[in-house]
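As structure tokens, here come the structures.
Look for chain A in each of the two complexes below; its partner is chain B in the first and chain C in the second.
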Partner chain A sequence: MSEQTLVMPAPPLPRRAAPSFEAWSLRCVFGVLAALALVFLVAPTLVILLTSFTATESLRFPPEGFSLRWYAALLDADQMQAAAWNSLVVALWTTVLCVLLGTPAAIAIARSKSPWVRACDVLFMSPLLLPALAFGFAALIFIHRLGLRPDLPLLVLGHVIVCTPFVLRTTIAALTQLEPSLLDASRSLGASEWTTFRRVTLPLIARGIGAGAFLAFMASFDNVPVSLFLADERTEVLPIHLWQQIENNLDVRTAAASGLIVLLTLTLMVIAERTAGLTRQMR
Partner chain B sequence: MSGQRGHELQLEAITQRFHDFVAVRDINLRIGAGELVALLGPSGCGKSTLLRIISGFMRQTEGRVLFDGEPVDHLSPSRRGVGIVFQNYALFPHLSIRQNIAYGLEVQGVAKAKRDARVDEMLALVHMSEFAGRFPRQLSGGQQQRVALARCLAVDPKILLLDEPFGALDKNLRLDMQIEVKRLQREYGITTVLVTHDQEEALSMADRVAVMSRGRVEQIASPTDIYDRPATLFVNQFVGSTNVLDGTVSTADADGSPVVALAGGRRIRVASDAPLTAGSAVRVSIRPEHLHLHAEAPGADALPGAVQTALPLGALVVYDLALEGGAALKVSVPRQRGEALLPAGAQVWAAPQPSAGYRAFPA
Partner chain C sequence: MAAPRAPLTLPLTALFAAGFVAPLCVLLMLSLAAGDDGSAGLTLAQYARFLGDRFNLSVLGSTLLLGAEATLVCLLFGFPVAWVCARAGARWQSVLIFLVVLPILTSVVVRTFSWIVILGRQGLLNQILLGLGLIDAPLKLLYSEAGVVLVLAQVQMPLMVLPILTVLSRLDPNLADASRALGAGEWRTLWRVTLPLVMPGIIAGCILSFAASITAFVTQTLIGGARLLYLPLFIYQQAVGANDWPFAAAVSVVFMIAVLLVVVLLNGFGRRYEKHV
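The block that comes next holds the complex of A and B.
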């Protein structure tokens, strides 16, 4: 037989089905949601960014002129800098503690099928669902009943409670993707459970933990409701300080500080996305 | 390393219960040094449970596991020296091929120089030396399996467990890998347990096959014995294909071999391992390839039927016959080049080949 290629007539292109009403309405809903997100989340951010570059004394949009004078003014804003430093310290401690507490909890929750552990999962996640304001108020009363006064460690503790769920969720997600046979393979090759955890489990869930740590850091850094109750004058944090500035004298420096936070957050997000694939960890 | 000589694996009265479900029931198995035994059975037959018990990931409810006569039940999986090749290979995705193979040696504290030499040896053994720097996701299924095997053999395990190792490979590659694994197993003389639901895999690879069903070993024998002399109807049906006909034991004929009256009224002589009592119901089995077709009645034990369909399979033709009384019978016959198929409706006689015969199992 000679080598012969059969030339088949190209199959007719499948006709694109007319979009059903369901598909159409789904697209509409998504479109509207995306538009709302753009208008109410991105637009205000742009407004504050643009306003912060104003050359005038007043906090007004659209800004008049362009200058970096308010950013320069931040360099002399001692109180604001102290608040920012407090926020950073609180957020860093919170992140460290959230990772140290959230990771083992996530491992226990991912491994166990016991209803008690399920209940713990719901309990640990509840700070995400409960109004943080109520939690902050309750925490303040509780602290007073114990005869304590709000200070930095207690503020960190409050933040840890509301930020741990982020680490918990991303770590559990990473653990459920972890192939159990990898752990069996490690054990059968002679590794102890601890070695297996260190050499196999931890490297494979590190990105999940990292994503959770990033979210916990951001959540702590701009937390208002818990800080409102648990921070005192000495531990005033940045979001509260900014709020008071706006309330009292519409200080343009708050816009500059906000602009700085937005830019820093964007930078961090890009870094997190590049190194850890942040959005992939949150699915 | 202890190397070249295999270890004996013995399972003694192993029973595994999960609440009131018995997954494995009173298994006694002795696997000789260097032997390859296949645990063959459908899913849920208990073969995977047995594998987890041997490797130490599960503690059996009753019974003992012994290596070379020594109980190993108190040893954790990491101390037991059982190497496992998993169905999905379970290569560490964050480690390179070299690091994967070195992993076991590293965690067992083998010095770097010795470790490197061993890894090189293993890479050469499975023909993967040029892939040492790659990561598992960059390899094909067959290559990943080679690495999994090398990683396993690097630590010189006493027993090798293969858990459905060829299931994820396509058909051609599967045969190559089966030959490759068998070569390595022979070369190393390592005692191996192959867990599979694929009868071809079990028959082609194993020295002995243990057919399992519902937590029990139905039969353990050489592949040819399993095929030729199945101990139970389950084994007969699970390994290869067979015809099953219902009948009743009638009195033995003149030379003493039992005779069964089939549903259609025909009487045939059968062989049976179990004693048959007259009047009891039996199921009679014969494989399609153990039957011949004849145009005229060839004598005793022949069954008349009408051709329903012919399935030409190249070298073979499978005829589906309708017997008297409506039972179906498949007959597989070799086909000569140019030979015409029997038409539907043709009247033929099916009779067992002289070397084979009907086998009866209690119903």
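The block that comes next holds the complex of A and C.
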């Protein structure tokens, strides 16, 4: 089977024009596909942003006229504001817990080869692959079995489980790029484990943790499948509120809220890029 | 000698044991329980009910098919994006990655809402196609499977691009040069040298985008509408609408096993491929 890869067929005699045409055709095809993909990736964000500034009551694109009236209308949208506040609280708690629990685990996973730690790695990553909706439902059954009712702290714990993988991935990546000799140097100079962690390791992996924290925050703020089962009227979160708005009545206020979310996301992304080198951590 | 590291995982392990493993075990028990209170023995009745019904099986089938289609579209467009990214300078690379991850970080509800504006009967896409004279009557894009695949592909594209990019940028450029020096053209080099070497990244990207596509509840319901039924909405209807928890639990377990099977299959394919190379 491997003969095919070992024994190359006789190469055709190189001609002068052919290779450059081939190189050109490959670049053309890939360039066009990539350009299409980028338009496809970015267009929806631009469309919703422009639509949110419409002066009329229709969601047609391109929007007719320009105004901030729907943004002003958000000031009176009490339910939406309450949902946004809930989402923010949940996402902040989730991020803090993900970092506090995820960072030590990431250190163990990056440094230890014991089977126990390998198994933990697989377990902690599985929420990324398993259907989140099934987990949300399982969590609801479990909470009922325990005789509890879903509330904010339980919602946060559910989010922590599905958002931890993001912190783990970026932190482990940062740890594996860490020069081990730096840690040896610190120890040989008499620093304790804790001092070495605080003064050497932590500053060097801080950008990795930061990028992971940002991703966890966004994932929690955006989570629907877990919140669908663990949030009730009191703890209604923003994505579910918006989802119901879109399903029931296409309200232009929803477009304004969407525009606001897009603007906030972009701002946070730029901040994360400047401070934590987001795009470098995601490579 | 460094201190043992394993205890560092304990806090997170405790949370996962109580908040992830235990709920999944309870879900499994409920799906197998014979009595309402879950104490009167075990039965496979709920599974027989799901697997014995052609309609239910077709929902499972169309969910898996949807994931496969979205993954293929992701790959078709994602590989060229990663390829261009890997060749770009550091600054352009950051800009490109920024644009690629933008959709996945923007709220899924917002993204989907935007697609409704684009795909509607009088939406942007129909306007453009009508304006160019490519179609005579507006296409039905919203509430169609093609629409769901398209939107899922946009949403999950980063999950395909990033793993491929990681492998591509670590690739030794000498290998491709050697292939060219031996007379292979660009396409041949891509097909015989680059693609096999990038296969681990492609497999990882496929697994991630497949897993994300089939559970994308918001996109499936808002773009697909109520008539296109996929497993996440089916589970939700059974659990919340019909309040039939044991049946919904069984469907959830089937769903998870199906996902795991696909992941294991793709992983195995990747391993075998690596051995061949």
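The working rule: the second predicted complex is superposed on the first by the 243 of 283 C-alpha atoms of A that agree within 3 Å, B and C clash if a C-alpha of one lies under 4 Å from a C-alpha of the other, contacts with A are read in each partner's own complex, and residues count from 1 in each chain.
Keep in mind that, in the parts below, contacts are C-beta pairs under 8 Å (C-beta built on N, C-alpha and C of every residue); 3 or more make two chains touch, one makes a residue touch a chain.
None of these values were measured; they are calculated from a predicted model.
Once chain A of one complex is fitted onto chain A of the other, the partner contacts of A:79 are absent, as it touches neither chain B nor chain C.
Using the contact criterion defined above for the overlaid structures, shared-chain residue A:182 touches chain B, although it does not reach chain C. Of the two partner chains, chain B is the only one that A:195 touches; chain C does not reach it. In the superposition on chain A, A:56 makes contact with neither chain B nor chain C. When the two structures are aligned on the shared chain, A:218 is found in touch with chain C, with no touch to chain B.
Chain A has more of its residues touched by C than by the other of chain B and chain C. Chain A uses residues 193 to touch chain B in one structure and chain C in the other.
Chain C makes touch with chain A in their complex at residues 2-9, 11-13, 15-16, 19-24, 26-27, 30, 76-78, 80-81, 83-84, 93-94, 96-103, 105-118, 122-124, 127, 153-154, 157, 162, 165-166, 169, 180, 182-187, 190, 192, 196, 207-208, 211, 214-215, 217-218, 221-222, 231-232, 235-236, 239, 245, 248-249, 252-253, 255-256, 259-260, 263, 276-277. In the complex of the two chains, the chain A residues touching chain B come out as 179, 181-182, 184-193, 195, 199-200, 203-204.
Listing the residues of chain B that touch chain A in their complex gives 55, 57, 76-80, 82-84, 86-88, 90-94, 103-104, 107-108, 151-152, 155, 157.
Listed in rising order, the residues of chain A touching chain C in the complex are 1-2, 5, 8, 11-14, 18-19, 22-23, 25-26, 29-31, 33-34, 36-38, 40-45, 47-48, 51, 59-61, 100-102, 104-105, 107-109, 111-112, 114, 116-117, 120, 123-124, 126-135, 137-142, 145, 157-158, 160-161, 164, 193, 215, 218, 221-222, 224-225, 228-229, 238-239, 242-243, 246-247, 250, 254-255, 258, 261-262, 265-266, 269, 273, 278-280, 282-283.
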